[in-house]
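Working notes, beginning with the structure itself.
As written, the chain order gives the labels A, B, C and D, with residue 1 at the start of each chain.
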């Protein structure tokens, strides 16, 4: 009991300490010993650990005798068998894409909360071109990209020309997109499953039946992993993420988009076309989400359902982007990580509900907000140690005298 | 004629949660904190108050004192929303975290928590929390004889009536007055525009921001309950994107109470007309098109965009929103 | 009672990597105006912020009337009667004047603001000190000078009697400066004590009783103003002699670089045009200065020339080419550089590093990119070169975030970037605003070197000293029109003032559009 | 088999198709059957939700259940057709009970039911027929049909409902158009604001009774019905009883999900854990004759006033003996001459 008290006291003291130290500007406090990259990775890892501990705590409350088993399943299911790992990769492909969509927009100063609409339109373009026009998979992915780009362009356009906040346009066009896709699907008999012999009127046809060439190839990996889930989608996503990294950090184009995101006036002053930059940022962001839709529905595993709820996948991009620090390379990791523990979460059934994983992810995201605190603490410690050293030296000198 | 009374009546019913939650968002953003967690806060407010309602229903107390129970449920939804919102305040005020991070975490957490909690309370797999019948105030309770047909205004105002409606109107009025007429409101707005200025005259920016977020939690919590009552039946761990719609309504309303009020009504009226279109005589039915209803369902969103295109040139968010307050920065 | 109202004894304040204040002692006598001076980054604002409770000192004590006090936040400073007009005004832009003034000390009943009472009190104070304001005007609609009055009234409303002015004159017109000096003298007569930060030595000479000089965070000395000269002060500040004379080699009239005809630009603040049918030309080897009181269309003129704003009518020829409809990039390519008025709004991407900002106008050139890919090492080398040449000081060299640099160094970075483009025409809008005399000297030298190389500078300045010393030719702007063309050596400050205030107009500049006073000031 | 002592095994497993087990529809009905049997027979039981709405995920989840010790797996819903097709050969020793469907491959080129699979199909059209017939006979003239999604079971209920109303109108010698029906699939199995608005507009513009057929979607209609003082017909179970005697329900078109699951499991265990010859590899079609469908007649669950239980029994007997045949086609809408049906999804 006393220990716990001590712990809290110590914690409170630390908190207060950091709280008081807010006079220091964080951007200024960059210590050579703790490069920003290093400490943000540390912070992310710490968040993950805290999130998992919290999850364990929750499992303990719900069912103490099974909590150990639960935690173990969360942690190892993803690599317990090849087919489980295949599932991780399968889920991470669209997740990385929507994460990239949100993260890319963040980097260029925009909040794309419309990834779900762009993803939906992308999915529709992919399925339409694949089923109705018989496109092969790569062409269907390009179609998905075009669809997403188109849907992303709209909020960009409204922002650039009418000064409408992209958040509101994105939200509105999420719904418009979904309803539009429903409408288009319903009026394209060929895209619906019952055209191909099924008895279901509210979902799209199976690609295996309608156009096998539109299924993303597996290159034998399905045999290797012994799972239908395995395909090359995740490699495409990783490749695109790397491209995005290069574009953002190594090209003049990325330089322009970021400049416009940080300071629109300055970018205009510097001769850049800010309207074009805003629209292009949204187009790219939308295209990424659209590809996500393509990558998911062209696996031949899922069918698009005519429903009245927004697809969750687009919104899932936000936590992926945030956990990955909006950095494309970070997003690869966070996308894979989130699907990894989600696969672990499914294995919690039937003892626990799989929603516990969502709670854990939420806690991890929340804890990553603490990264600043962790950074400050780390840097403070390092600085203090340095100072102590100096003091020591001085004392030593004085003693000599 | 009845159908028009219905349209207006339902518009009020569905505008109420939008107004509440958008006003909540406004309070928070006016203090400088972007609150995208509205959706999650609504879920929590609805969850806790619906659990309360179903508990007092089970105990029999509810049916004996229906409107006191609903009033308590409203208070509980406000309290739980406020507490939940404090997580956002802590992350974005004290920790100076990116405000979307806290918001996103809360949005993810809320429905998952709702499922886990309602299962823990109601048994595994039992997600729906049913709302007892007695929460509605019937026209009879207003003194309309049971066998008498309702007139236009009765249909419009009291046919489908919950205590949340007058509470919402009251809250709207209070918040509007507080924002513009009190020193609290002045300070709150100052913190969202120029926190350094507020700080330099002795206003506690942290305190004001906490207050703004707390208000948003309170309003969004009540909004969650109001939405669940309006939809009817039961709570199923979700508020179907209304939190985000409220965010949109807030932007649409340009962060100003009266405009938010108008925006919410405009949006709600089209949202209500959409499903009712087939029963409104003069509206086209698009019978040649499969799923013509979707054309109507798009309507509220399209109308919003059209209005925005014409009105947004001057739209202006609180200047300091989204930026963690740092005493030292100038 | 102690002779001093405020004593700051042995104050030390350290920021990561820098001792902003190092054992500084400052004593303020009752009823005196005490000037504080030092170069950019010397620690003046920091010291005042400590007194105002924005920072806490690491070491040292503060005494009020001889009693030690701890000032932890502005509220406590206010309670001790300390008020401050900040270097960058702290006003809520979309609030009314009245709301800004009462914020934090609102008279109220049950939480409801008693507006009428507040208004009455404000109008009384305003009348008493002759500080005219419109209580219901919105801050963003009023001039900078007016905003400063609001800041001053904020202090008076709180009945402060120790007033801190941090660089209050950097943004004012000469007339406004004179008014401010008068007001400050008035305050001392009432027994109020004033701490006054400025870079302008003549202002110190004019109003201050004593002054304290800081350099690199250290206390250099405190002097009775009557006993020191300008030159001595500037030497103490900068640590070397400052040369106030700019050397301009006499040049013959060169070819026309810029030819503006009937230029009209709309205003963003009011319905009338900000620039009305202006025609002039700028030639090789000359510095032309646009003089005038702030808000007479100078900013819009430059927006029009640089392409930030479309012309309503008229044409611009640059190097014998019509560029009226050219893009900003095209103008920049053909040799136009622009040091913008607002360095944070236009001049810098504050979240980019210094090196990224140094190539803001040139990142697309073959030198810095290949097939769309940025050549990072070349940018680094180039940045290091500019940093060295222009002595841009910052914490981490090329990779410092622009946001964390001091205003003076931010300005130097912009100047370096724009001049290093070897422009044929340099649009320089208030290039030395808020800079210390050392930096001013440096930038003036750079402008002159552009001119001496046979290029042209179009300078927009509000500072009479600069207007009288730097240019070859002066064009006076009044209500969006040119009202006079003068040569600095043939005119004097008084005459200039008459043209600037619209009291006089040279015959060749006829009034084209009937203008109202209201139109020019929104 | 269990790897860890902490791990428990669950012998009877139910996998939901997409929703949850409180969907007020086949997931819930089947789950109640599993529970009822397992608790009586003292067996361990559990249910699982697949990670997403795909055949692959359902196959995977079946695998998970088997890893957790499942010997019998109940698969409610036609969405399981392809999944069961795949797993029936993969896990020959595990018994499957497929409700509402029959296994086939993705392109329907092959249909086969292995001996470890028993399929049950219900004649929902008969149940719907009874409800439609009774409503019109009882004097209701303006009917509504609120479907969830247009999935086979829901469509059969709806089409039966239309046919029943038409038959009653003919029997009563009504004129064309005397009976009207609004017919709509909402697209959701849960309550939403637009369904609530739509129902309220139906009741306001004259609809007297709505047959709400689609899981939780009835929750959106129930409020509208009460506000308008109108009636509803429930589905699957006796909803008058299951909602705590809510008088808004005049009847329910029942389908014996729970009972048939209990029966199937009972016969399975009676046969030593494998399907007996009547069930192995077979499909049972449960209709009136088999006691699989009907309206509740006990006490106040019977909400009709002029239509009598005797009339109902006579009608029911005709369904049993085949005098009345209700068309179960789902791709073709039933032809009507007397009932004016407005299909609002068009």
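Throughout what follows, a contact is a pair of C-beta atoms (placed from the backbone, for glycine too) under 8 Å apart; a residue touches a chain by one contact, two chains touch by 3 or more.
Small disclaimer: the values here were computed from a predicted structure and weren't measured.
A.B. asks: For the chain pairs B-D and B-C, which is connected through the larger number of C-beta pairs in contact?
C.D. replies: When the contacts at B-C and B-D are counted, B-D has more.
A.B. asks: Hey, how far is the Cα centre of chain B from the one of chain C, in Å?
C.D. replies: A distance of 46 Å separates the two centres.
A.B. asks: Just give me the whole-number Å value for how far the CA centre of chain B lies from that of chain D.
C.D. replies: Centres of chain B and chain D (C-alpha means) sit 36 Å apart.
A.B. asks: Can you check how far apart chain A and chain D are, centre to centre, with Cα atoms defining each centre and the answer in Å?
C.D. replies: That pair's centroid distance is 39 Å.
A.B. asks: How many angstrom between the C-alpha centroids of chain D and chain C?
C.D. replies: 77
A.B. asks: Multi-chain contacts in chain C: which residues touch at least two other chains?
C.D. replies: 55
A.B. asks: By the touch rule stated above, which residues of chain D touch at least two different other chains?
C.D. replies: 47, 192, 194
A.B. asks: Can you list every residue of chain B that touches 2 or more other chains, as numbers and ranges?
C.D. replies: Residues 240, 289-291, 297, 327-328 of chain B each touch two or more of the other chains.
A.B. asks: Which of the chains touch, listed as pairs?
C.D. replies: A-B, A-C, A-D, B-C, B-D
A.B. asks: Give every residue of chain B touching chain D within the complex, in rising order.
C.D. replies: Residue positions touching the partner: 2-3, 6, 10, 14, 125-128, 133, 136, 159-160, 227, 230-234, 236, 240, 271-272, 274-276, 278-280, 287, 289-293, 297.
A.B. asks: Using the touch rule from the top, collect the residues of chain D that touch chain A in their complex.
C.D. replies: Against chain A, chain D makes touches at 4, 6-8, 10, 13, 46-49, 51-57, 60-61, 64, 68, 78, 106-108, 149-152, 186-188, 192, 194, 330-331.
A.B. asks: For chain C, which residues are in contact with chain A within the complex?
C.D. replies: 15-17, 55-56, 306, 308, 327-329, 332, 338, 340, 345-352, 356, 360-361, 363-364, 368-369, 372-374, 376, 395-396, 401, 403-404
A.B. asks: Okay, in this complex, where on chain A does chain D touch?
C.D. replies: Those in contact with chain D are residues 65-66, 68-69, 72, 83, 87, 91, 182, 194, 196-202, 206, 208-209, 228-229, 301-303, 305-309, 342-343, 346-347, 349-351, 354.
A.B. asks: What residues on chain A touch chain C, complex-wise?
C.D. replies: Listed in rising order, the residues of chain A that touch chain C are 23-25, 27-30, 250-253, 255, 258-259, 262-263, 265-273, 383.
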